[in-house]
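The two complexes that follow have chain A in common; it is paired with chain B in the first and with chain C in the second.
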Partner chain A sequence: MEETRIGVFVCKCGTNIAGFLDVSDIAEYSSTLPDVVFTKVNLFTCSEAGISEIKNAIVQHNLNRVVVSACTPRTHEPTFRAACQEAGLNPFLFEFVNIREHVSWVHKNDREKGTKKARDLIRMGVARAALLEPKEFIEVPVLNEAIIIGGGVAGLSSAVSLAKRGFKVHLVERSNKLGGRLLDLNIIQPEMTSAKGIIEDILHEAENLPLINIYKGYKPVDLKGCIGAYKMIVENSKKETKEIDSGVIILASGTRMLDPSPYYGYNGRNIITQYELEKLLSNEDLEINNNVVMIQCVGSRNSENVFCGKICCMEAIKNSILLKERDDRIDVYIIYRDIQALGHENERLLRKAKNLGVRFIHYSAEKPPEVTKDAVKIYSDILNREFNIPYSLAVLATPQIPHSDAQELSRILKVPTDENNFFLEAHMKLRPIDFATDGIFICGSARWPCTVNEAIYQAEACAARASIPLGNGKVKVEPINSLLDEDICRGCGLCVSLCPYKAIELVNTDKGKKAKIIIAACKGCGVCGSTCYRHAITMSHYKDEQLLAQIEACFKE
Partner chain B sequence: MQYATNVRIIRVMCGGRVDLEMIFSAFLNGADGVFIGTCLKGECHYTSGNLQAEARIIFAKHILKYTGLTEKRVKLSMMSSAESGKFVSSVSDFIETIIAEGKLPDDANTQRKLHAAYRAVMGEKIRWLAGKKTEFETDGNLYGEKFTPHEINRLFREVAQDEVLTQEIILLLENSPLTIKELAEITNIPPRRAVRQIANMLRLGIVRQDGSKDNAPAFTAGNNKRLIEVIR
Partner chain C sequence: MLDVGRHPMIDILAYSELESVEGESSSFKATIRKKSRYVNASICNACGDCVAKCPVKVKNEFDMNFGVRKAIYQYFPQGIPSIMTIDGTKCLKITQNKCGICSKACVKGAIDYEMKDETVEIEVASIIIATGFDMLPVSHLTQYGYGKIKNVITGLEYERLINATGPTEGHLYRPSDKKLAHKVAYLQCIGSRDQNNCAYCSSVCCMYSIKDAMLAKEHDSEAEGYIFHTDFRNVGKWFQNYEKKGKNDYDIKYIRGRAAEITEDADNNPIVFYEDTKTQEIRQLTVDLVVLATATIPSKGFQELARKLRIETGKDGFVQTNSRLPVSTSRKGIFACGFCIAPADIPESVAQGAAAAGLAAQIALSRAG
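The block that comes next holds the complex of A and B.
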């Protein structure tokens, strides 16, 4: 067997690491670890200079394992893997030890103990590195068609965008009408364009693109497969089903409006929601006598719906402007807890509303307004006095909330939701429109309440992102997957029922029933390996031996 | 965002990858506590790996208790990857708990019990049941009987005790033949329990009688191939 030759690179990250830890001590210690033949301190390992130091060392010192102790694999693993590959070393023989997020940043006041922790983590990483095995990325073919769930502005925008790129799109809409919420809206801020105009344009385009197949009245009931080869079953109210194949899926299922009836005496006549006000305002001859009182954060930011509705503040401000512009004599009050007016355009609208004479009164959650038959009683905690405002129209800003079947959809697609039942992206900042599951993307309000503009940006982003695998016709997936020892397996089926991705099936072999891993579907979570009572499964790149070696090394100073 | 330097972090893909073997291997190697961080319920990156981790931790806790260590030495904490504050406070609480509990005792008794625990979690029964928990709760067992969390807890406790005791007896008997009285004394269980345990083990062929001491039958480890074949 080839001798194990490990190179350890200790990054200073400028002062991010070196400012809090004794980097030269760490490097010196690393050079004493088993199989370590080369050690180097870098000022910035991820810089050009750092990368070429890694590449040179691999060649000059004949390294067959590389350990970088620096920051998080989340951002830099691809960089270092690529460096290894370019120097002829298999990228899976690279191991990342995090001494920044896990050490220097969180132990700023204890240089000595922090340094010791870094030494321990590197020793553990080196032990694991010695047992790493070369792996190849797995390539799977991708069917160049997309399923889009939801025929609102987000879903339609993605559909149009993908179809224009030449990909076939299957657009699944649960209702019998495309267009979604925009059909009910009036004017969209900040550009103050007509909602109908926007949606009609997109609808017209979508309906005239032959690559778009539309399934109205259908919703997903089952999904099998994985990126490249999804198979979705959709069903309508008559329980008729259809099977659709696709390479990727875009989820744009939107939201519903919170039922306003428990709040402030809602009656749908003179106590209505902002959403209903939209419809009223699109009617030119609407008569409003005087005093419109808008109440914000109705049914949101409370114990039931802890989240902020996000768009309701701007909707109220926009509608207050429209009211004022229609008839200056109308007095408009906005009773708010906080104002969500992000960005200069929204700030401009807020100022405009104030200049037009819209009055803003702050209230605190402890002292919400009271709506009586003809007046809204409100205590302003800023002015420390109570107001009694007569109204002819009270408007409640109720939030959009997730569909009641969001959980069901989450289960079918195997994508997570957050504690509010909105769908949860893979990473808030680094992968905002991806799910952790490859090949499924998310846009629009199903992810979080968003404006029409945001929904369109996100939809375009999803289409662009989805185009990568669709265009390439194949994807590389990380070879972190389960490995089965068929001789040990007894075919009990436990792993089959626990695999969250349906990546294991039972097959009949000449040795009886056995589990079989569908590599392309396996996400490498490890549930099967850590459950199998026969220890028939381990995980590639996270093998039992590799993890146990790390545990053992932890205590072997 | 600062916390004490006591933890050493091992990256796995998902809480569901944390095998009971790893937890007890950590204790055997000298860890004073094991902390497992997973996603929130219903928010698992891998959909449901956290629930599997949770099932295993129930076992780990019962086993620790039975071995005379406190169940506090293992902790599972669910948090979202955006909740760094929660991570810090949860880990800090854990570190404080462990410091209060003190170092893991390294007397022969504890070590033997931990060894028995390690073997028990490598065995089929505990692993099988841990894997079946979610199914027992939602679909029920073979006969469609659903288990309440309370019932699961009781079942897991009994099985944990039984399995660790079985392995502990085997460990002892692999060294030298012992009588029931001696076994009860060493393992610190009531003699009645020891009698029942040995009777069961005799029936399963895990132990066999091997002469006698002071007029009482002595036992030795039987052919345990099946029981320990999966043990590394």
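The block that comes next holds the complex of A and C.
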């Protein structure tokens, strides 16, 4: 058998690690561990210099295992694996030890014990590394068709974008018409273009693309499979179902408006929502003979909905401009907490509204306005005085909120939501339109309230991301899946019911019922392996002997 | 960044400027000037022997001029491509034909003082602009004393001080006496939302100031943060929670009021004069350090680039786009993403980047057939 030759790279991460741990002690200790033939300290192992040191060491010292003790696999595992591969070493002979998140950042005040813990973790990593086996990525074919959930501006935009690239699209819309929220809106700021113009333009494009299949009145009720081979069941109100196959899914299911009825005596006549004002403003004959008072942050930025509705301030400003331009004699008041006019175009509109004579009155959350039958009473903390403003129309800025069945959709697609029930992307900053599950993407207000502009570029971004597996016709899946020994399996089905990824099914074989693992769907979480009472399932990259060696090393010192 | 650096399909032309673009969508011809590094990129492996020997010390721009670098340097340690560059305006050999030490220090022979700028022509199907932003210089806003009062710094300078790999290793040592700053004021809208400077909102400052104040507290339990704001603009995903967390868990004081003036006392402590608009009181607050959230502007040289590319820019100098085509410029085949369109935070920039890449790839692929 080949001699095991392990290289250990200890990262300083600038001072993130080196500032709190004795890195040279750790490196020196690592060099005394069994099978370790090379150790090196790097300022940043992830830098190009650090990477080339790994590659050089593999070649020069004939390393056949690499251990990097640095940060988290989430940031740099792919990088270090690739470095191994480029130097001719199988990437699965690499082991990551996290001495930053697990040690230096959490034991900042105890250098000695932190250093000792880092030694322990490296000893464990080295023990596991010795038993690692080479593996190959698994290639899974991808059906070059996409399912898009939601026929609003986001869903339609990504459908058009994908169809233009030659991919077949299945667009599932729960209502009986396409167009979504934009159908109800009047004018879109900052360009002050017609909302209907925008959506009709996109609809026209969509209707002229034969690759787009539309399922109106349908919603998803079940989903099987994984990236490359999804099978979705959609159902209409008559409980008729259809089955759609696709390689990827884009979620663009949008939001609903918060029910305004608990707030400020909403009545739908002279106390309405900003959203309803949109419809009124598209009506030529609208007559308003007295003041219009707009109240911001209605049902948002409170204990019930902590978030900011994001688009309501600009909607109010836009509508105040439209009102003033329609009839300068109308006095418009915007009662606000913080005016959210971010970016350069919006600030210009805010100034325009002010120049047109729109009054802005600040209030604090502790002293909200009161709406009586004929006046809005409001205390302005900035002016330290109370206003009593008669109104002919009071307009409430209620936020968009997630659909009531967002949880159900989340369960069907197996993608997470946040505490507000907005869908939760893979990474808030760096992967804003991906879900952690491969092959499912998110755009539009289902992710977070957004403007038309944002919905469209997010949709384009989803289409771009989705085009990669669709265009390649295949994806690589990490070979960390579970493995079944069919001779031992009794077909009890325990693993089938426990698998959170629907990656195991029961099949009839010559030898009776047996579990079958759908490798492309398996995430290697280990639930099946640890619960199988027959020990018929092993995890291919986390084998019992590898983990046991790690545990034994933990207590060895 | 490293992923980009290692990707077999990405050719990086760093330290380069676009000279001109001809042709049209699907067949642009771009002329690019690769500025001379005086270091042979195919030989240098960034070992750093030359840097250790170089006698010339220059202010380090990456550290916002707090630290020093050498005349031969790498912009920052994780930078790609990982090679050294000689600053031709500071190098003694190049400016005065003296020294030449780095050439002797380099055992691989990568130094080439005679190296000239090189012009390359490349043919491309589409172009993406992602030139980012710069900060508005604010020394002309004399009421804030930036440049005169030592302990008044900008948000970007603060980023380097609080960064573990920065010039102070993450300790908030203030410029005047290198003492740890406990009490820090963060001032919003410095040059932004200001008719005489940048009329627009820079969009990212309210949130990064909360983050800055939280970081200070994490580094130093005695830290006190005061954020002076007008409208507090925290609208992105979970930003309201973050604002609350800053107040409740980090004890950051949010004060609604624009600072009017900053002076300093005998110990170089800045004094912030302001009106607390919620109580209508004129007050003053003496702090150890002031951090100015200065306005973000299109990056230096961007207007010239826009002219070369023949794309339209808007009133504030950003790329002109519209809601229907949010990452497309006025010229077919040229796309934009990130701050060059308008102030944007990370997830917005990332999503715009993917969108622009998709549209640009579509043109390239249809050209390839």
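The criterion applied here is as follows: the second predicted complex is superposed on the first by the 497 of 557 C-alpha atoms of A that agree within 3 Å, B and C clash if a C-alpha of one lies under 4 Å from a C-alpha of the other, contacts with A are read in each partner's own complex, and residues count from 1 in each chain.
Methods note: a residue touches a chain if its C-beta (ideal position, glycine included) is under 8 Å from a C-beta of that chain, and two chains touch if they have at least 3 such contacts.
Here the structure is a predicted model, which is why all the values come from computation and not from measurement.
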Contacts of A:480 with chain B and chain C, given as first, second, both or neither: first
Contacts of A:364 with chain B and chain C, given as first, second, both or neither: second
Chain B versus chain C as contact partner of A:356, first or second or both or neither: neither
Partner chain in contact with A:418 - chain B first, chain C second, else both or neither: both
Touching partner for A:431 - first (chain B), second (chain C), both, neither: second
Chain B versus chain C as contact partner of A:530, first or second or both or neither: first
First, second, both or neither for A:310, with chain B first and chain C second: second
Touching partner for A:37 - first (chain B), second (chain C), both, neither: neither
Touching partner for A:496 - first (chain B), second (chain C), both, neither: neither
Touching both chain B and chain C, residues of chain A: 418, 428
Residue numbers on chain B that touch chain A, as the complex places them: 1-3, 5, 8-14, 16-22, 25-26, 29-31, 39-40, 42-49, 52, 56, 80-82, 88, 122, 124-125, 127-128, 130-132, 134-135, 230
Interfacial residue positions of chain A with respect to chain B in the complex: 73, 98, 102-103, 105-110, 113-114, 116-117, 120-121, 124, 407, 414-419, 424, 426-428, 436, 480, 494-495, 497-498, 500-501, 523-527, 529-535, 539, 542, 544, 547-548, 550-552, 554-555
Complex interface listing, chain A residues touching chain C: 13-16, 19, 43-44, 46-49, 51-52, 78-79, 82, 161, 164-165, 188, 190-191, 193, 198, 201, 301, 306-308, 310, 338-348, 351, 364, 381-382, 384, 418, 422, 428-433, 447-448, 451-454, 456-465, 467
Touching residues on chain C, where the partner in the complex is chain A: 2-3, 5-6, 45-46, 77-82, 164-165, 169-170, 193, 199-201, 203, 231-241, 244, 256, 277-278, 280, 314-316, 318, 322-327, 342-343, 346-348, 350-355, 357-359, 361-362, 365
